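In what follows, subunit A forms one complex with subunit B and a second complex with subunit C.
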Partner chain A sequence: MSEENPLDLEAIRSEWLGVEFDERTFEPEASRMIAWAEACGETDPRFLDENHPDFQAPPNMTTIFNSGRFLPEGFPNIGSGFGIDGGKTVECLAPIRAGDVLTGTATIADVFDKTGRSGTMVFIVQRMTFSNQSGEPVSVVDWKTIRGI
Partner chain B sequence: MILDLHTHSIKSDDGRAKVENYCKWIRKKELPLDGFVLTEHRQFDATSDYRHLEDEYGLVILKASEVETDYGHVLVFGVNDDLVNSFDFAKVDNPLPMVLEAADRCGAFAAPCHPGRKNVGLFAHYENKGAVDGVHTVEVLNGGSIPGEDELSVEQAGQRGYAGFGGSDSHIVSRIGYCATDFDADIADIDDLVGALRTGNFRAVTYREQES
Partner chain C sequence: MRFEDVELGDELPVEHPDTSLPKIEQWCEAADQHFARFVDHEAAKAEGLPGALVPGIMSQGFLLAMIHRWAPGCTVHKIDTVFRGPLVIETELTITGAVTDTDDETRMAEIDLTIATEEGRTGVIGTALVSFAG
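What follows is the complex of A and B.
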C-alpha cells in the first residue's frame, strides 16, 4: 500500500476471509413473500399466487434477510462511519417455499481496495449463505459496503 | 475501423453488462462500431472465449486490462503471461514507470485512461509529482467523464505531444460506443491492435449525444 494508505489489506484478508461470525434463522411467510414480490414489480404468478403449484419466494428475497451483525467482533476499523451500500448480488441455488426455515450464516467473503474520483475506497463483502431445514443450500447473498480511507 | 477501447463486463466488480448484451445493443442501435475491447478492472480475464459472439454478431471482441497505478488508471493492451507475472494487477498503487516498462518489455501497450480525472487521472498526478517518461498515448475521450475532464485531457495531451484515443468506459450496455477510436488499419486480433496503437494512426471519436 502507499504511504497515504497504511492499511495492510493482505493481512486483513488472511485473517478474516471465510471466518463465520454470525448465524440466524428466518421463516419466510407466504404473505411476506407476496408483499416483497409486489414491491419488486413481479408479475409471475409463481411469486404472487400462494395457490400456484410452484409458489416460491422471489429470487432476491434473501437480500432482506440480514444478519444482525455486519462485521465480526474485532474486525479492524477501516475508514470512518458505516460506509455506503455498494450493492448486493444474489446466487439462487434452490426455490424457497413458504414455511421453510432458513439458516443464514455470515462470513467475510472479500476485502479489496480500488481507486476512483473520490480517492481510495475499500470494499468489504459480507456473504450470507442460506440453507433450508433440509440442509439444502438455497441462496447466497454478497453485500458490498464501501468505505473511504 | 472503429473500436471502443474501454469497456467493462460483469467480469469487473462494478460491471453490469454481459458481453452478448453489448453485441445485441451495438446491432440493435446500429452503432458505428466494428468491435470493442474488454478492459476489466485490476485483472486479466484469460479464460473467457468470445469467438462465438464475434462470429454471430460480426464484431471484433478483444481482451485487455485496466490496472491502477500511483499516477492513475492505465489500460494495457496485449496482456500475456509474461506481463501478468511482471506485477500484481490487483494492486491499486503499482508504480506507473514500472507498468510502462513491463508492458514495453512484454510486447504490450500501456496508456493512461481518463487522464483529466481527479485522483485517478494522469494529469492530476503530474501537477503534484511531475511528468513520467515513457508516456506517449492517453485516452483523451472517455464516456464516463464529467464536464471538464476530457477537455483537460485533450489540452494536456496536445501540449505534451501525446497521441489520443477514445473509449466509452462503459459498465452498462447502453453506454458502449459513447467514445471510441477510429483506426486507419484493419484490426482482427490483439496483436493487430497493439501494432495499430504503436503507429499512432488513429483518432478519438465520440458518438455521445449532446445533452441539452
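What follows is the complex of A and C.
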C-alpha cells in the first residue's frame, strides 16, 4: 500500500493471481476466419483459402473468445465501471484450425498500479489460455483494463 | 524473406489500411461485435467519441496483415498492442513497423509497430515477435 494508492495490491495479488474463475469452449468456423482476415487486409492465402494446406485462423482471433465474466466472483471493487481498454497481448503457440474445439480458461494474471499526472491507475490483466481438442496449448490472450481510483 | 535478410532498423513498407464502413461491418460480423460505436458516427458522437471507431482488435489485425505481407510465410509468435487514442473509421490511417531487435539463437525479430491518424497522432503502439519461413 502506498500514499497514492489506498488499495493493498500485494494482498489482492496474493489472493487472486492465478485463480481460475471461468472456462468456456469456442469453435472457430472457416467462414468467419476468412471474413475476419479479408476485413483486416490480409493477403496471405494461409488465412484466406480454406483449401490451403496450412489454412488457419488469424493469429489474434482468440481475442474475441473471452470469458463471460471479466473478474472472479468476490474480487475487490477497484474504481468504478468497466474501466478503459489498456490493450491486448496475444501469444500464438500453435495454429488454430477451422473446426477446432478450443477450451479457454480465465485467470487474473496481474494487478498493478501506476501513478502519473492524472493520479493513480490500477491495471487489471485478465488472461485467457486456450487449448485445442487434443489438449495442445494454442493461444494466450491478456486483456489489460485500466481503472482510476 | 529469411532471418539472414533482416537487419536492425529495417522498416516495413508503410501501409494505409482500408477503414471504409463495409470493411468495418465485415469485421464486426465476423467477430460478432455488434456495437453502434463502430459503424455509426452519430451514435459514437453521442457517447462522446470523435466518430465511429475502428475496433481495437481489428487495428491489431491491420498490423498482422502488414507483417505477413512484409515477410511472406512468417509466423507471428506474439503481438502486444496498446491503444492510446481513438482511430476513426473512414479516415486515412498510417501503419508502420521497424525491426528493433534480432536474436541469432531463436532466429526471431522484434518489430515495433504504430498506427497514426491523419493528423499524425499515434493511436496504437505495439510490438511483435516474428520468425521467418526460410
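Simple rule for what comes next: the second predicted complex is superposed on the first by the 146 of 149 C-alpha atoms of A that agree within 3 Å, B and C clash if a C-alpha of one lies under 4 Å from a C-alpha of the other, contacts with A are read in each partner's own complex, and residues count from 1 in each chain.
Note that in this section a contact is a pair of C-beta atoms (placed from the backbone, for glycine too) under 8 Å apart; a residue touches a chain by one contact, two chains touch by 3 or more.
Worth saying up front: this structure is predicted, and the values here are computed from it rather than measured.
Enquirer: With both complexes overlaid on chain A, does A:F123 touch subunit B (first), subunit C (second), both or neither?
Expert: Only subunit B; A:F123 stays clear of subunit C.
Enquirer: With both complexes overlaid on chain A, does A:V101 touch subunit B (first), subunit C (second), both or neither?
Expert: neither
Enquirer: Does the superposition put A:V19 against subunit B (first), subunit C (second), both, or neither?
Expert: neither
Enquirer: Looking only at subunit A, is it subunit B or subunit C that touches more of its residues?
Expert: Tallying touched residues of subunit A, the top partner is C.
Enquirer: With both complexes superposed on chain A, which partner does A:A11 reach: first (subunit B), second (subunit C), both or neither?
Expert: Touch status of A:A11: no partner.
Enquirer: With both complexes superposed on chain A, which partner does A:A39 reach: first (subunit B), second (subunit C), both or neither?
Expert: Second partner only.
Enquirer: Using the touch definition from the top, list the residues of subunit C that touch subunit A in their complex.
Expert: That would be residues 15, 17-18, 23-24, 26-27, 29-33, 56-58, 60-62, 64-66, 68-69, 72-73, 75-83, 126 of subunit C.
Enquirer: Where on subunit A is subunit C touching in the complex?
Expert: 32-33, 35-44, 47, 58-60, 63-64, 85-92, 144
Enquirer: Looking at the complex, which residues from subunit B come into contact with subunit A?
Expert: Interface residues on subunit B, with respect to subunit A: 13, 41-42, 68, 70, 72-73, 90, 92-93, 117-120.
Enquirer: Which residues of subunit A touch subunit B in their complex?
Expert: Touching subunit B from subunit A are residues 1-2, 5, 112-120, 123.
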